[in-house]
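Note that the chains take the letters A, B and C in the order they are written out, and that residue 1 is the start of every chain.
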Amino acid sequence: MKDLHAKREAVRHPVAEMYAREHAARKLDRREFLTRATALGLAVPAAYGLLGLAAPEASAQEPQMGGTLRMQMAIKAQRDPRTWDWSELANACRGWLEYLVDYQRDGSLQPVLLESWEASDDATTYTLHVRPGVTWNNGDAFTASDVAHNIERWCDASVEGNSMASRMGSLMEDDALRDGAVEVVDDLTVRLNLSSPDIALIVSMADYPAAIVHPSFTGDDPVANPIGTGPYLPVSYDPGIGAVVERNTDHTWWNEGNGAYLDRIEFIDLGTDPASWIAAAEAGEIDLNYQAQGDIIDIFDAIGYPRSEAVTAATIAVRFNQDNEPYDNKDVRLALQKAVNNAIVLELGYNDLGTVAENHHVCPIHPEYAELPPIESDASAAMARLEEAGHAETEFELISIDEPWQAETCDAVAAQMRDAGINISRTILPGATFWNDWTKYPFSATEWNMRPLGVQVLNLAYRTGGPWNETAFSNEEFDSLLDEANGIADADARSEVMARIETIMQEEGVLIQPYWRSIFRNAAENVHGAEMHPTFVVDYVKYWKS
Amino acid sequence: MLLFLLRRIGLMLVTALCLTFVVFALTNMPAKLETLAKTQAGSRMSDAEVASWLDRNGYGEPLVMRYGEWLGVWPGWVREDEDGTVTGRCVTLRDTPEAAGERCGLLQGDWGFSTRFRADVADVITARLGATGLLMMWVLIVMVPMALIVGVLAGMREGSRTDRTLSTFAIASTATPEYVSGVLFIALLASSTVGISPILAEWGWIDGRVLFQGNARSAMDNITLSNFTLPVLTIALYGMGYVARITRASMTEVMTQQYIRTARLKGVSFSKIVLRHALRNALIAPFTVIMLQIPWLLNGVVISEVLFSYPGFGWTLYEAAVNNDIELLLASSVVAVVVVLVTQLISDIGYVYLNPRIRIS
Amino acid sequence: MDPLNWFEILARMAQQFLPVWVALVVTYALSIRFKRRLGLYGKLFDSTVGMIGFGIVMFWLFTALFADIVITHDALSQVSGMRNEPPGAALRDPGDLYPYYLLGGDSLARDVFSRMVMGAREVLRIAPFAAMISFMIGITLGLPAGYFGGKLDTGLTFLANLVLAFPVILLFFLLVAPEIQETIIPSVMAGVLFLVPIVFVTILLNARFFTQPAKRNLYVGGVLLVGVWAYTGLVFDADPAGFWSMSPNLLNVFVAVVFVNAPTVFRIVRGITLDIKTRDYVAAAQTRGEGPWYIMLWEILPNARGPLIVDFCLRIGYTTILLGTLGFFGLGVSPESPDWGSTINAGRRLLTVYPHPALVPAIALMSLVLGLNLLADGLREESLKD
């Protein structure tokens, strides 16, 4: 029955079928295939069905009910979900605020409050099928109008810090939802009419600020009035100290039996200093950490908290701002780039826990990645080029935030430039002040989280006038190629355009992007289902303890 | 005496007023406000969004007026949106729109709202002060007897081998700041891979993985020897050396006094002289110093609470400073000033009571 | 190559410190030979405690001076493969570098030993100068406050108590922040604080030599020339010769540390002045018709030198601790700087597994502060014998 359903859906979507053929021809790896096919509307079992594989069982072991899980995680002051800027804010609320779709560890999209969705062949019309039988924990039924209400919220750019607005551009007009962009067809169906093709729309709905809130939510604090569809409820929430979440016994969760194993989850905020996380682990006060970095991973390993890894397209962009002297000079940028060997930065700055990147911010795990010839560093050529540009004596200043791995990466970058004879100094700013001017620093490093598609970050960060364009990069050819890529659903065709886009990025010396980071979490051996997620999702609804 | 007290309290108020204004001015600089807006409403906001957020939340008014609002001598800011919802300082604090336009500051008993902890400042401060009170109590219980014993033993026989050893120990302890000793203690006693814990665990002398815990978060619910020893020891050690040295100096001075010599000539036993005659007089100076040490320990409290992540007053001060939580910082500085000045007052009064030769004119 | 054992590490370290040993031996030989002619400094060599303290302090001072010869590697350069290596580890491919990391590598594969040595230079570059400026300010304000009394005294004492009532850490968080650096506050504060030493020396010389205008003009002119030159460089970063300059970061730290220290010195000086001004020799000078500044600077100050010198030593130690505190909260000087506070803070993260990068600077800092305290103790003992 399941197979039949899968085949029917597959027939309905020609592009997805083509993806399956590509996969068979080994052009696509499995993660790419899953991201691309599921983004276009295939259910995961269906997508696996196209590959001729059985969908993997969630876990070989039968999950055990009950228990309390204690996790180290920063607890920050809550605010309106669409303005969330930290995954931690979303993670704490995942027990009662659910999403339309979830991005899975394997790169696939899992329908949650949607049962399924379909996209038109040119990715300009989406039909969303709302999951029947879902209720809010106040007894209201969850319907298509709730979905429409949330999309309207996301499109309201007049709310300061609403980051969903930047993801919903194709549904918006004049900083608000465009008339006719969302149609409520019936109680369980919503149709979205896009103004331009957007292959990333559904993927964006899996991002952490896209939590689905009740129509009565006033946009203040999702903990104070926790109406949601999920199986848990918050018990306490103290920023800087911790939060406690317990199973909601008065509510029938739509997915009863497939999650909500734990009775109680305690988040403990131990500050930003990993030394105190280790101290807490050694004292047996936490079961798992949120994220471990560098040598800390080894230490946790050594004290009996084995690691789990997620390979990601998260990275650090050591970027130049072209509005500032001397970085408006392309030769200076290219010379500085040339002085840095990305592999050594990866070793010294990030313990070799990732893969070397190629200064263009498109990752091999992105579906549209195109391979370019390897880049080579050359210290003497770099210095020669800098001398030619008349900046041999200039003192450069590299700014970074005080987060250890970022500071260490920048120290490693600076050390290499220094070895090449370049005069460079370092500045480290505390987290609270770094973000004040992050788009304006002449030469600084910014952390970028992973986005499932390669075009997503390019749209945000490198397009002329893009909302988060910190490089002041402005290139007409690049912009028009990016527009073109945004409308190509076929990965191979898109990757041809991408090859040119990536080349422009390299030729223009936009940034030094040393590596793609793998991210890690350490958990005690009796914690299950809590492996690290590439976008830092802590879906504790699925965690259990033996 | 009453006049003296009144004058001191008056001075205290003026000092607190000056200090809070300085703190207020420094935390309300444009760059700091921008930081606040970004930590409150999204770190990657644009400048226009920041300006609009600041304006909507009452940060747009002139500095002096807002200081007046905080003090409660000026009515709180009020703002009416297009759709008729009223927001304002007193609306948030009193949780009712009717309060708009009233005065709601320190004078009315409203300490303000903590942007970091999303709670009333008064609640945050009382809870955290309680936690620090416990910590300080144990620090004093450990520090004072230790310091007095070391000081008295060293000062009993000036220049002896005991004196040299103990004095050097006291000097070494004042030369070890909290961030050094805390780090040493954790490496030595609270690590399951280095120090003595792995050895003890192997011998089966301790049940858990470590001898002491390097994290005092669990001490919030339940103070145990294992989770509270290291923070207490870290603070006590640094303060101890100084008090011990004062005690020693005071003791050596007393031991050369006429009446001690007389007692010795009369053949009273040495231990009796020390306990009966010398101690009372030798403890006057250390008493005042111990009182003056208390505000001094505040530094150590901040370092140690941050190091061991124990959410007390010091930790709150640190969090408030890092996150530019204006009203919490102001309340913290008021508390700090009061602690400093009250301990000074107690030390002055205590000095008078203990030392009959001084009278307040 | 095999890693070194502890005996070899110590031997090689001793060898690196050779110039320091030579300088120490010369200092001690000369000092002990001529100690009867050297006043209080000479008497120091009668006290064992004082001699030990002096030895430790001079060890770090000479280390800071000869740091360029003592280090085995550059304090900032990273060598591939040396991350968190234990003490005595051999370089994978030394080339013409020193073949070992004597005290191991830190989390960025830099040499812990060389960083510790360069750290001494960083610390000793700031701490004594900050203490000195604090002293000049404390003296310039404390002497008249104690000597004249009255409204001046009340006002200054109130200001000093105001600063002292501030928790030091809160003050640091408010003053040493990147946002503050961009404003004019540090420059203004530096402008006021650095003006005081110039005024101090000018008044000092003027009070002494105003009867001999030629000599006075020469001295005061010279002082003003050098003072204003240094002042423009340090405060406005506008020294045409580029000799005096301070990064905004460092200036900020310096100003904050001076600001915290000066009121304490003020209180001490004021207390001593109140005591000394009742002495007969002050009354004698008053009847001689000497001006108040002459009495303060040339009668009272020299007689207060004992306790002030002792406090000066203690204050350098305290300043070192304060700088470390700044580093501990990430407020310190430049991020890659090898100064001990920042290094301890950086090493703290991996303390439970790789203790050496944090322990080495921690012990260095402790020993320097201990040395200063012992030296102060020795000086106090000897000056009391007067």
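The rule is short, and it goes like this: contacts are C-beta pairs under 8 Å (C-beta built on N, C-alpha and C of every residue); 3 or more make two chains touch, one makes a residue touch a chain.
As the structure is a computational prediction, the values presented were derived from the model and not from experiment.
Student: When you take the mean of every protein CA atom shown, which chain's own CA mean is nearest to it?
Tutor: That would be chain B.
Student: Contact counts by the stated rule: is the higher one at A-C or B-C?
Tutor: Result: the pair with more contacts is B-C.
Student: What whole-Å value do you get for the distance between subunit A and subunit B if each is reduced to the mean of its CA atoms?
Tutor: 42
Student: What is the distance, in whole Å, between the centres of subunit A and subunit C, each centre taken as the mean of its C-alpha atoms?
Tutor: 49
Student: Taking each chain's centre as the mean of its CA atoms, how far is subunit B from subunit C in angstrom?
Tutor: Once rounded, the distance between the two centres reads 27 Å.
Student: If a residue has to touch 2 or more other chains to count, which residues of subunit C qualify?
Tutor: 177, 179, 348, 351-353
Student: Got the subunit B residues that touch at least 2 other chains?
Tutor: 31, 35, 186, 190-193, 214, 306, 322, in rising order.
Student: Among the residues of subunit A, which ones contact at least 2 other chains?
Tutor: Within subunit A, residues 273, 275, 278-279, 282, 299, 302, 430, 433, 436 contact more than one other chain.
Student: Give every residue of subunit A touching subunit B within the complex, in rising order.
Tutor: So the residues of subunit A touching subunit B come out as 77-79, 83, 85, 160-163, 221, 238-241, 268, 270-271, 273, 275-276, 278-280, 282-285, 299, 302-303, 430, 432-433, 435-436, 438, 467-468.
Student: Sort out for me which residues of subunit B touch subunit C in the complex.
Tutor: The touching residues are 11, 14-15, 18-19, 22-23, 26-27, 29, 31-32, 35, 167-168, 171-172, 174-177, 179-180, 183-184, 186-187, 190-194, 214, 295, 298-299, 302-303, 306, 317-318, 321-322, 329, 332-333, 336-337, 340-341.
Student: Within their complex, state which residues of subunit C touch subunit A.
Tutor: It is residues 76-78, 80, 83-84, 107-109, 177-179, 249, 330, 334-336, 348-354 of subunit C that touch subunit A.
Student: For the complex, which residues does subunit C have touching subunit B?
Tutor: Of all residues in subunit C, those touching subunit B are 49, 158, 161-162, 164-170, 173-175, 177, 179-180, 182-183, 317, 321, 324-325, 328-329, 341, 344-345, 348, 351-353, 355, 358-359, 362, 365-366, 369-370, 372-374, 377.
Student: Over in the complex, which subunit B residues touch subunit A? Could you list them?
Tutor: Its residues touching subunit A are 31, 34-35, 38-46, 49-50, 52-53, 115-118, 186, 190-193, 208-210, 213-215, 217-218, 226-227, 306-309, 311, 319, 322-324.
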